[in-house]
C-alpha cells in the first residue's frame, strides 16, 4: 500500500490546482468589477479554422473599452479553447459561470458544440448569444438566447432556401443533393430536401459521403446519371475542393443551371486563392460579401482593422464569413446591457426582444426564440475570377449577390457549364 | 491480503459516502463537471488496463467501446425511456459482447493483430452510427437527461455521483480480477502465452473473459456521457482523445496493478482539465504524446513503479 | 443507374486508388511486414512527406521532383527513428509489442502536432498543370490527378521489390528478422541492416505523400484515416509480401469504389477494416503468405 | 491396458510444403525414462508440440491413458497430466518464483494448500531460498530449475524436458539430472530431449533417434550408441 500516501498527495495537489484559478479570478473581480463576457472558441481541432472569430470579439472589446466601457464598467473577455470537442463544453461553461462569474455568455461555434450548453443555460436561466448554430434554440426554446448569425427563423430547414428560390425561378424540376456526413452539411441537406419537395421538385439523387472523401468521380457520375437541373451540395472545405475538381475532370451536363448551395470553403481565403478561376459559376451561401448593397463604412472599418491582425496571426486574411458576426455578438450584448441598464439576464433579453439593434451587419430584430426575424443568408455567384490573387475578392463583382432580393447585385448566370468557363 | 481487502473496502465506503455528501457541501457545480470527466477517465483507464495491462493486449479502440456505450444509453433512454441504471447495465453488456467478438476474431493470432483490429473497430462503429438514422447520424442526438433524484442537488452533481459509482465498481472489478486466479492467469499469458497454456491456463478463454470485462467497463464509462453533454454526436463519442488517454493513463500510472491506471487517470485528466481552462492549445496533445514516449522509453513501469523503486532504494 | 460506364469507371478508379494505397503501405510492409516493428506512425510519416512536397511545391517544384529530393532527408529521418527505437528497447533486451506500439502511437501524435504547429491545421494542396484535366478513353474518364500518383506507386513498389529480391543488401534486409545470428556470422551488422531498412521504409513515405497530396488536399491529421487501410494491406498480403500488397491494395480500392458507387459512399470507410477483420478471422496468415 | 500412458499413432505434421514430422509411432510406458535425440530440425520439437497440443497433428492421433487427445486444447492436456519445460526458459516475468508455481496450481486441480505444495516443490528442486524473488532475477541454472518446478508442481503423469540442460556446466547438469531421477522415482514418466549425449545416455532407459522428421532408431543407450544409422546422423559417413 505504498501508493496510498502518494495518492493523497496527488489528490491535494490536484484540488489546489483547480481551486487556484478561482481564487485569482475572484480577487480580480473584486477590484474593479469589469463586465465579464465568457466564451469558448475552437482554437484547436477540426474547427480551428473558425478561431479568427476571436479577432472579432477582441476588436469589439477594445472598441467598447476605448469608449469607456459599458455602464461605466470595463469589459473583460474570458476565453477558453474547447478543442472543437463537445465533450469539453459543459465543464468550460460551468467554469465561465460558476468560477469566473461571467455576466454574458457567447456560445461555442456551431450547433454541435452549442448543443451541450443549451440545457445548462436554460436550467440556470442565463443570457447567451449564439454563434452560428443552425436551429440552435429550436429544441430548448430558451427565451434568453439570441443568434448573432443571419440564419433566420426555422433555420434548420430554411436557411438555404435562397438556393431553391433561385432554382424555382429557373424552372428547375429535377435536383440532386449530396452532403458530407457532418452535422452542418447533413442538416443543410435535410432542410434542402424538404424545401425542394415543397417546391415540387423531384430529388433524383440524394446521398451523403464520409468526411475526407478525396475522390468524387463515382458520385459525380451517379449524379450525371440522374440528369438533374440543379445540384445542391453541402460540403466541408476538403470535399468542396475535391468536388469542384471532380466536376472539372468528369464533366457535368449542360442542363445543370445551379451548382453549389451550402459548400463550406469557398467563403475562406485559403480555398478562394487555391482554386481561383475554378470557382467561377458556383452559386453558394455566404454571410457577407463586399458588394455595394452590403458595404458600409462601419463594416469596412471593421475589415480594415481585422486584416492586419489576421495576417499577423496567420488566419484567413479575408474573414468575411465568421469574424464580423463575432463582432456583432458583442454589439448585441452591448446593446442589451446599455438598453436595459443592467446585466440581469431577464432584462437584457427583454430589451433584445423588444428592440431592433443596429450592428455592423445591419439592423437586427429577433423573434421569441432569438432567431433573426428575417433570414439574411446570401446566395452569391462567383464570377470573373482571374488567377489566384486573393485581393480581387475585396472588390465588388466577383461574389455577386443573387438572393435575398433586397440585397441583389446581379442576375444568375446559367447554365453552370457556361458560367464556369466564361 | 485479507487486511488489504478490508482497507480497500473501507476506502470504497468512504469514497462513496463522499460522493453522496460532497454535492451538498461544495456549492460550486464546476467541480462536479470537472470531477465527472476525471472519473470518466479513471473508469476508462481501469477498463483498458484489465486487458491491456494484465494480459498485455493493447486496445487502440477504447473509443469504440466508449462510443458504443454512449450511443446505446442515449438510444435506450430517448426511445424506450429506460431508467439510467438499466442504460448503464445494457451498455456494459454491449461492451462485453463487442469485446468477445473482437477477441474471438483476432485473439487466436498474435497480439499485434488484435491491436490493429481494434483500430478498425472505432471506424467501423462510427461508420455504422453515421448510417443509422435512428441514432441521428452526423447531426447527432439531443438527450435531455433524467431529473436528478432527491438525494442529489442538481444534474451535474447527479452525473458526478453516478460516474463515481461506476468508477468505484470498475476499480473494484479490476482489483478483484488482479488478485484472483484470473489476474494470475492473465499475467502468465502476458509473460508467455505458450508457457501459460502448457501450465494448464485456458489462455483463449481467459483472454476472451478479459476482453469482455474490459469492454464492459469501457462501454459503461460511456453510458452516462449523453446525460453529461445532453447531446451526442459521432465525432466526440468516438473521439481519438479517448483512445489516446485510455492508453496513456495506465502507462503513466503503471499497468501492473489497479492503482496505476487510477493514479495515471487522476493525474493526467486533472492536468488536462486544468490545461483546458489555462494554457490550452495543440500543446496539450503534444504534451500527452511526449509524456507517453517518455514513459515508454524511460519508465515502462509507470509512476507506481517509480515510487516503489524509490522507496525500495530508500530502505537500506 | 447500373450502367456499364459507371461500373467500368468505378473499377478503374478503384484500381488507381488501390495502387496509391499500395504505395502508402509499402513502408509499413518493410517495417512491420519484414522487420516486425509495428510502426503505426507510418501513415503520419506519409503525411509529413506530403507536407514536405507541399513546401517544395510552394517554391515551384513539381511534386514528383520534390519527392525525389525528399528521399534523402526521409531516409535519414528513418535511420534516426530506428536508432531511437532500438536504443529505447534494446537496453531492455527486445521490445514488447505493447510498448513499441505505444511508442509509435506517441510519435505519430507528436509529428501531427508539430505539423499542425508549423503549417496550421488547414488543408494544403499542390497546384500542378495536370491537376484538373483528365484522360478520356472511350467510356473511361481518368483524371490525371489520380492517374499519375497511381503510376508512381507501382514504379516505386517495383523498385523496392527488385532491390529486396535481387541485391545483396536487399536480401540481408529480408533475412534480418529471422536469421539475425546467421547475418552476423556473414559479417553483416544486423543493427545497421535494420537501420537501413527503416530508412528505406521512411523514404517511401515521401513518395507516398506526394501521391496523396496530388490526389487531394492534406491536413496534419489525415494519417489516421489511412491506418486501417495500410495495416489491412500489409497483414492480408501476408507479412512482407510486396507484390501481394499491391494486389490486396487494388482489391480494397475496387471494393471501396464499388461500395461508393452502388451502395452509399458513407459506408466506404468501413470497407478496408471489414476486409481486414474477415481476413484475420479466416486467414490470419494473409492471402498471399505461406502458413507459418 | 495400463502399460501404455502415452501413445502416438502415425502422427504427421507439415508446414506448407515442408513435412516437419512423421509419420511417427511412439509409445510411452508409465514411469518410463525415454530419451529423444536427433540433430536440429529433425522434428523433436514438433513432436513435443504435437503431444502437448501446441500443434494439432495433420494426420494420426495422440492417446493419453487410452483416450484420444488429438483434438483437445493444450491447457486441457496439461491438466490431464502432460507437462513440459521449455528449451529456452519462459518464466512468468513480473511474478515471484512462488507465484510462478501458483499459476499451474490455480488451473490444475491439486489437493491441499497450493502454497504448501509450491513451497515443497521449490524446496525439492533447491529453490527454497529464492521463493519470494522476482523470477527475472534468477541465474541460468535457477531458471532451469524453476522451469522444471513449474512443470512438475501440478503432479503430471508425463513430464517432457526439452533441452533442460542446454548451456549448463557439468555439476549443474548433475543437479538437474538428480531432480529428474527423483521425479521419475515418484512414478512420473519423463521424456528427455537433449543434445548433451552423456546426460541422455545416463538417464534414459530407452532412446529414440529422429532424423528429418522420422524415427530412425530405437533402443537402449548401448544399442543406440552402436546403431549405424545413428552414427551416420551424428558423425557423417
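Lettered A, B, C and D in written order, each chain numbered from 1.
Going forward, contacts are C-beta pairs under 8 Å (C-beta built on N, C-alpha and C of every residue); 3 or more make two chains touch, one makes a residue touch a chain.
Just so we're clear, the structure is a prediction, and the values are computed from it rather than from any experiment.
Novice: With contacts defined as at the top, give the pair, A-B or B-D, that has more of them.
Specialist: Top pair by contacting C-beta pairs is A-B.
Novice: Compute per-chain Cα centres, compare each with the mean of all protein Cα atoms, and return the closest chain.
Specialist: B
Novice: Report, in whole Å, the distance between the mean C-alpha point of chain B and the mean C-alpha point of chain D.
Specialist: So the centre of chain B lies 42 Å away from the centre of chain D.
Novice: Please work out the Cα centroid separation of chain A and chain B, and write it as a whole number of Å.
Specialist: The answer is 35 Å.
Novice: For chain A and chain D, let me know how many angstrom lie between their CA-based centres, rounded off.
Specialist: About 73 Å, centre to centre.
Novice: Of all the residues in chain C, which ones touch at least 2 other chains?
Specialist: Within chain C, residues 116, 121, 264, 266, 269 contact more than one other chain.
Novice: What residues in chain B touch two or more of the other chains?
Specialist: If we look for residues of chain B contacting two or more partner chains, we find 127, 130, 282, 285.
Novice: Please output the residues of chain B touching chain A within their complex, sorted ascending.
Specialist: Contacts found on chain B: 4, 7, 28-31, 33-34, 36-37, 127, 130, 137-140, 142, 144-145, 155-156, 225, 228-231, 233, 235-236, 239, 241, 259, 262-263, 266-267, 270, 273-274, 276-278, 280-282, 284-285, 303-304, 307-308, 311.
Novice: With touch defined as at the start, can you tell me which chain A residues reach chain B in the complex?
Specialist: Where chain A meets chain B, its residues are 1-3, 6-7, 10-11, 14, 17-18, 21-22, 43-44, 46, 80-83, 85-92, 94-95, 97-99, 112, 115-116, 118-120, 123, 139, 180-183, 185-187, 190, 208, 210.
Novice: Chain A touches which residues of chain C in the complex?
Specialist: 1, 3, 5-6, 9-10, 13, 17, 116, 120-123, 125, 127, 131-134, 141, 143, 145-146, 215-217, 219, 221-222, 225, 257, 260-261, 264-266, 268-269
Novice: Which stretch or stretches of chain D touch chain B in the complex?
Specialist: Those in contact with chain B are residues 52-54, 73-76, 78-79, 83-84, 86, 90-95, 99, 102-104, 106-108, 150-151, 154.
Novice: Give every residue of chain B touching chain C within the complex, in rising order.
Specialist: It comes out as residues 52, 56-58, 60, 104-106, 108-113, 115-117, 119-121, 123-124, 126-128, 130-131, 240, 244, 247-248, 251, 282-283, 285-286, 288-290, 292-293, 296-297, 300.
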